[in-house]
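Two complexes come next, and they have one chain in common, chain A, joined by chain B in the first and chain C in the second.
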Partner chain A sequence: MATKLEITQQVRKFIIDNIFGGSDNADLKDDTSLIATRVMDSIVALKLVTHLETTFGIEFEAHDVSQENLDSINRISEFVLSKMK
Partner chain B sequence: MLGAVFAATCVTTLGLVTGGFILATTLSLFLVLNLKIKFSFKIVFAVLIFAGLIVLRNRWFFAPRAIIAVPYLGSLLAFRTISFLYHDKQQFRHNSVPLKLSYFLMLPNLVFLLFPIVDFRTYVESYYRTPSIQLYRKGIYRLSVGVLLLLAHRILYYYFSVDPNDVSTVPQLLHFVAISYLLIIQVVGIFITCTGWLTLFGFDLPTVFENFFFATGFSNLWRRINHYWRDFIIKVFYFPLFFRIRKIGHYKAMIVAGLTAFFFSWMLHSLQLYWITGNFSLSANDGIYWMTMGVFITADGIYQFRKGPGADQRSVLVNTITQGLKITGILVFSAFLWTFWNSDSVETWWYVVHKVSSSGFGSLLEGILLIAAAAVVISAIKYYFKSDPFRKSPSERTPILLLMTASFALLLCFRWYTQTLPATHPLAVIEENITTTKVNEIDREQVDLGYYDQLVDVGGIGRNGTQFRLFGDVNWAAASGATRATGDVLMRVFIPGAKVNHHGTNYEINSLGIRDQEYSPFPDSATRRWVFLGSSYVLGAGVEKHESFEYQIEKYLNDSLKPSSSGSVEILNYGMGGYMLLQQVALCRGKAFESSPDAVFYFCHPGEADYVISNIARLVSYGVSFREFPFLDSIVAKAEVKQSQSRPEMKSRLQKFKYQIVEWGYSEIVKSCKAHQAEPVWVFLPTTTDSDTEEEYRNLSAMALRCGFKSMSLAGVFDGYRKAEIQVGEPDTHANAFGNKLIAVRFVRELRRLAVML
Partner chain C sequence: MNATGHEQRIALSDTSGRTLTHASFKYSIDYCTAFLRNSGITANSRIVLLLEKNFQSITLIHAIIDLSATYIPADPNWPEQRINSIINDCQPHAVIHAGGIFLSTFPGSYMDIPECGKVVLSQQITPPDSDYNEIEDTAYILYTSGSTGTPKGVCVPRSAMTAFTTWCISAFQINSNDVIASVAPIQFDLSICDIFTSRTVGCTLHLFRKEDVINPRFVVREISEKQITFIYATPTFLSGLVHYGRLEKQNHNNVSRVLFAGEIFAVRTLHQLMDIWNKAEFYNLYGPTETNVCTYTEIKKDPERIAPYPIGQVCPGHEMYIEADGELVVSGPHLASGYLNLEALTKERFITKQGKAWFKTGDIVEKISGEELNFKGRKDRMIKRRGYRIEPGEIEAMALRLKNVINAACIATENTNDEVLLTLILEGVQQKNELALRLELSHILAESMLPDRIITIDKIPVTSTGKTDYLALKDYVKQNTTKR
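Showing the complex of A and B:
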């Protein structure tokens, strides 16, 4: 089973590749709010969900796609971890 | 505290009965939604509550004080109930009952009936989650932005609006479309103001809008425009449906979910307006607008989803130009779609666009150059203001807050200064225009006619009048049963004996079917009987009977007669909201002479000719026949006006005949008067919003005299007075009691000059 660190790195890579065109952004911390900063929108959320489901073999439900679970890299990692358990 | 303040405000402003009804309904719903009962029971109860509100809203059960509460309840409860139930289903619980209750009792919602859909969980979890000082700065910033946007809207609306009837070239069309789209800042201002108030109460709510004028694509536009609505639709409709059907394939699921979400967007938007206007309208404009948005946004969403990751290899210059072109394209598309959505009908919009299509290649080229120039400006702005999601928000930047504060200080100084100026000073006029809710010249005719209809036809209002209802008019929809439809040119007449209260004013209709005291069927030999014909000004709309100028004139004349003779004057008030020249002609063919008047005073307002053709267009659109008016029938035939046409097109076709119609109308009234041995008198009465009426008075007066009227002018009757001194109150621009007194005093003076006396 993947560790939290591995999950965090995967999520960070995904965001950097899909939103910042591959260039890391020093302001993107693990606890930076992705929704308040409008980094995460519904399309990005769907892409992320698809990526996480494929990568970690988990399944999201509709209500899982929410601010509570996807608002920061930390929260995403914790949620994926909880899904894997 | 928010809930307590709400309750107190509700009862003190709306009254014990209406306010109490709002509180009782809300508390009942809140109680049931929070009980530990089956989820389905909660849904059933909520449905019953809203079914009851629909019954009241449609007046299937008549309870005037409760009916007043319905727009508020619809706005307060409809979407919030859905949001609350959604989170309840997800097992979200919060301990604080007062906080949860305050979700349904948002104070700003009492003022702004069109309110952002605040998510329940976001609301309760945002309460003081940020340090207070940051919150208050954010709240003040939002309030400032909201108010400034509302002021900007007023300036745009009042000084820069374009009449679609005047559009005939591509640049004019672009101007019309651009201004129409920019007027969206009214809704933006309202929503930002609402969230600003809530932020000051401690709720760190997200932003509502995000510079949607600079959207680079359809998904981007959907992302930036009204976050609250979008998040609600995605959460409640899009994601649940997508995840349920994604087995059919991601892209198919996105298409189905996307189009379904926009279908529900359409339905819910109509429902939102239903609570406010009373009309559940599913017009072609609405459907086409929402589904067009749905198609483009869904398609772009799929494209964005499929787009792989990777760095943008283009140079900064190419990237900036590309972005500029995209933004311009989206802006032009959105603006056109917006004006389409806000048109009275598909036919009206098509009529305007079609007119432009024959304007020639030169006009088209000018239009293209204008759009290209806009693209250059937008590219430059985009280059200079690069987007950075991690940049500090404006409310956290002290210089911006200082700038806001300075702007408000300047505005306050400007307002204070203009109060010291005469009412006619240009600066005073500007200050009055931007600080009071009123319509511009283009909308005034339509809203006036629509407003008049409120007295006689309780129900919904047209899109043009919606802006007033956004601010929660307290007593609207209280009038009922005052009129009946006639199916002919008169449209509606008062029901004898009816008693109503409309916008806080009492209207009692006598046995003759007019708003007046009772009179004997025929006057005695010592009594002079006059008839006043006119619209809502003559009716005395917005004032009590004894405050109307007709009543005051009658009283004054009788008081001045008492010492010297036993004669008297009786004035029968045939004024009726929405009645124009044509209706007065119809009255003169019957009802107006039933009581044997000695003189008929016809009150004419500036803009008479344009009002007449608008009135005719309206009647044609209702399918009213002009068989009893062969001249009018022939004009309508000559102008090739048809019921299937849009009103702007009908008016455009009737334009060249308007003065002929007015002259015919005047001749008809004079003919009827002479046939009944009554003296016809034409009275020019400006409204409180008219100015510079001299030339129009001269033209219309000359026409009236030619037709056989005696002529009387009340021009300038309101000169030197501020609108607030002479009008009933925003947005009702009818003359108030003082304004009516001015009319009465001036009328008597002019009467002496006219020597139409006893």
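Showing the complex of A and C:
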């Protein structure tokens, strides 16, 4: 089972690749707000959900796709962990 | 079904399970017309609706139309700057909002709409100048992206709204047994069909909020649970259901008509949707906000097809011609009357010929067999992204307001999934944090117009005539971004 660090790294990589065109950004912290600050929009959020499901073998219910669960790298990782239990 | 029976059927429903019968809906609309009339609202009064789509806003829209007044929808989530520019432009007699942060700018009295909810009617705004152009017979004004940075208001006459509603009902056989999914926001002309046909035929309008619309799995479940029969949405929305909505898990035999408009529908994805919703009729509708819908066609699946489907023939009662450069010009009952306070632009785009009013769409088309048309592209820089109309010039104008920005250019590219991406290139900003720039921009640009990437550059290249070299920039963007 993946550790929180592994999950965090995977999530970070996805965001770097899909939002920042591949170039890492030192200002992107694990607790940086993503949706609330419009860094990640609804389409990218959906792609992220699909990516997480495929990568970690979890399943998002309709109500799981929310700002609460997806708003920072930390929150996303915690959510993925909770789904893997 | 007798009259009493019909009155108890559902007129409005929402995704939290609330419902409103036709009897209650009528009562609430009457409440609103009485309240507004008593507050001094008359025919041709302009009312800005700073509201989300809900029972209150739908009821108010009908009340305003019943009073022969004009509604102007504005998204409460838009940047303050944009909302203010719209209010300054249309000089409304009243602003109706949901309270909260708007109470201080727009104080007023509460309207407690029966079975719908509270709103605030604010008339504490600077009354229109006495010499302000009265816009006669306008049903609504929809603001669209303006290339110079200021949104422009498209004025639609009541006759056009009625003609369009009547056409929809006839063309798509909308009837009292339908359950229409209301997906488009009320600032968008796709909503006109949903809102007005449902009331005219007395069917059910099921409201999807902004939060619901961006959650395809939820939408897919709701379409099944609420037995939706009719959907009119953008290809982006429908593609979302295909790619992220797990459509295969639901039975959607209830969906009988699917209409799409606003952008090109990638054929691969459209075919996937048609295979899953194989009991439904599919229609491609075309028309800028200035014409609502002016051409359309039913789409029958052609498995060999690779290029996008045609935009069809002109709607009944409409005429068209094609300029030498391929630009489509249309005339007919669905047309808007012009742009608010923009006489020169209105004269330029809405021309008179043979005693009729025509609109120069700016879209390049070609004739295929008979009177059928294919969409080829734009004459200018305007683009559609996720179904939203965007003038890159508006994004550039807003970007120039950011600190230290000397020059800005907005480039549209397409990724391998046929998705339009916007890259904003800024000159003058020293290595500024992209996150911080995005945040700053989100305060002055509507969410639908925020670029996907922001890149800083030492100097924006210019052509020999001193204009921004967009072609060179497009290459630069393609080279500098990895696949999305």
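Criterion: the second predicted complex is superposed on the first by the 85 of 85 C-alpha atoms of A that agree within 3 Å, B and C clash if a C-alpha of one lies under 4 Å from a C-alpha of the other, contacts with A are read in each partner's own complex, and residues count from 1 in each chain.
Basically, contacts are C-beta pairs under 8 Å (C-beta built on N, C-alpha and C of every residue); 3 or more make two chains touch, one makes a residue touch a chain.
Treat the numbers as computed from the prediction; the structure is a model and nothing was measured.
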| item | value |
| --- | --- |
| Partner chain(s) touched by A:63 [first = chain B, second = chain C, both, neither] | both |
| First (chain B), second (chain C), both or neither touched by A:32 | both |
| Which superposed partner A:46 touches (first chain B, second chain C, both, neither) | both |
| Partner chain(s) touched by A:5 [first = chain B, second = chain C, both, neither] | neither |
| Which superposed partner A:17 touches (first chain B, second chain C, both, neither) | both |
| Doubly contacted chain A residues - partners chain C and chain B | 17-18, 21-22, 25, 27-28, 32, 37-39, 41-43, 46, 50, 60-63, 65 |
| Residues of chain A touching chain C in the complex | 17-22, 25, 27-28, 32, 37-39, 41-43, 45-46, 49-50, 60-63, 65 |
| Partner chain A, residues of chain C touching it in the complex | 214-218, 221, 236, 240, 243-244, 386, 419, 433-436, 438-439, 442, 447, 450, 452-453, 480-482, 484 |
| Chain A-touching residues of chain B, taken from the complex the two chains share | 90, 121-122, 206, 210, 219, 223, 230, 234-235, 238-240, 242-244, 250, 254, 301, 304-305, 309-312, 389-390 |
| Of chain A, residues touching chain B in the complex | 17-18, 21-23, 25, 27-28, 32, 35-39, 41-43, 46-47, 50, 60-63, 65-68 |
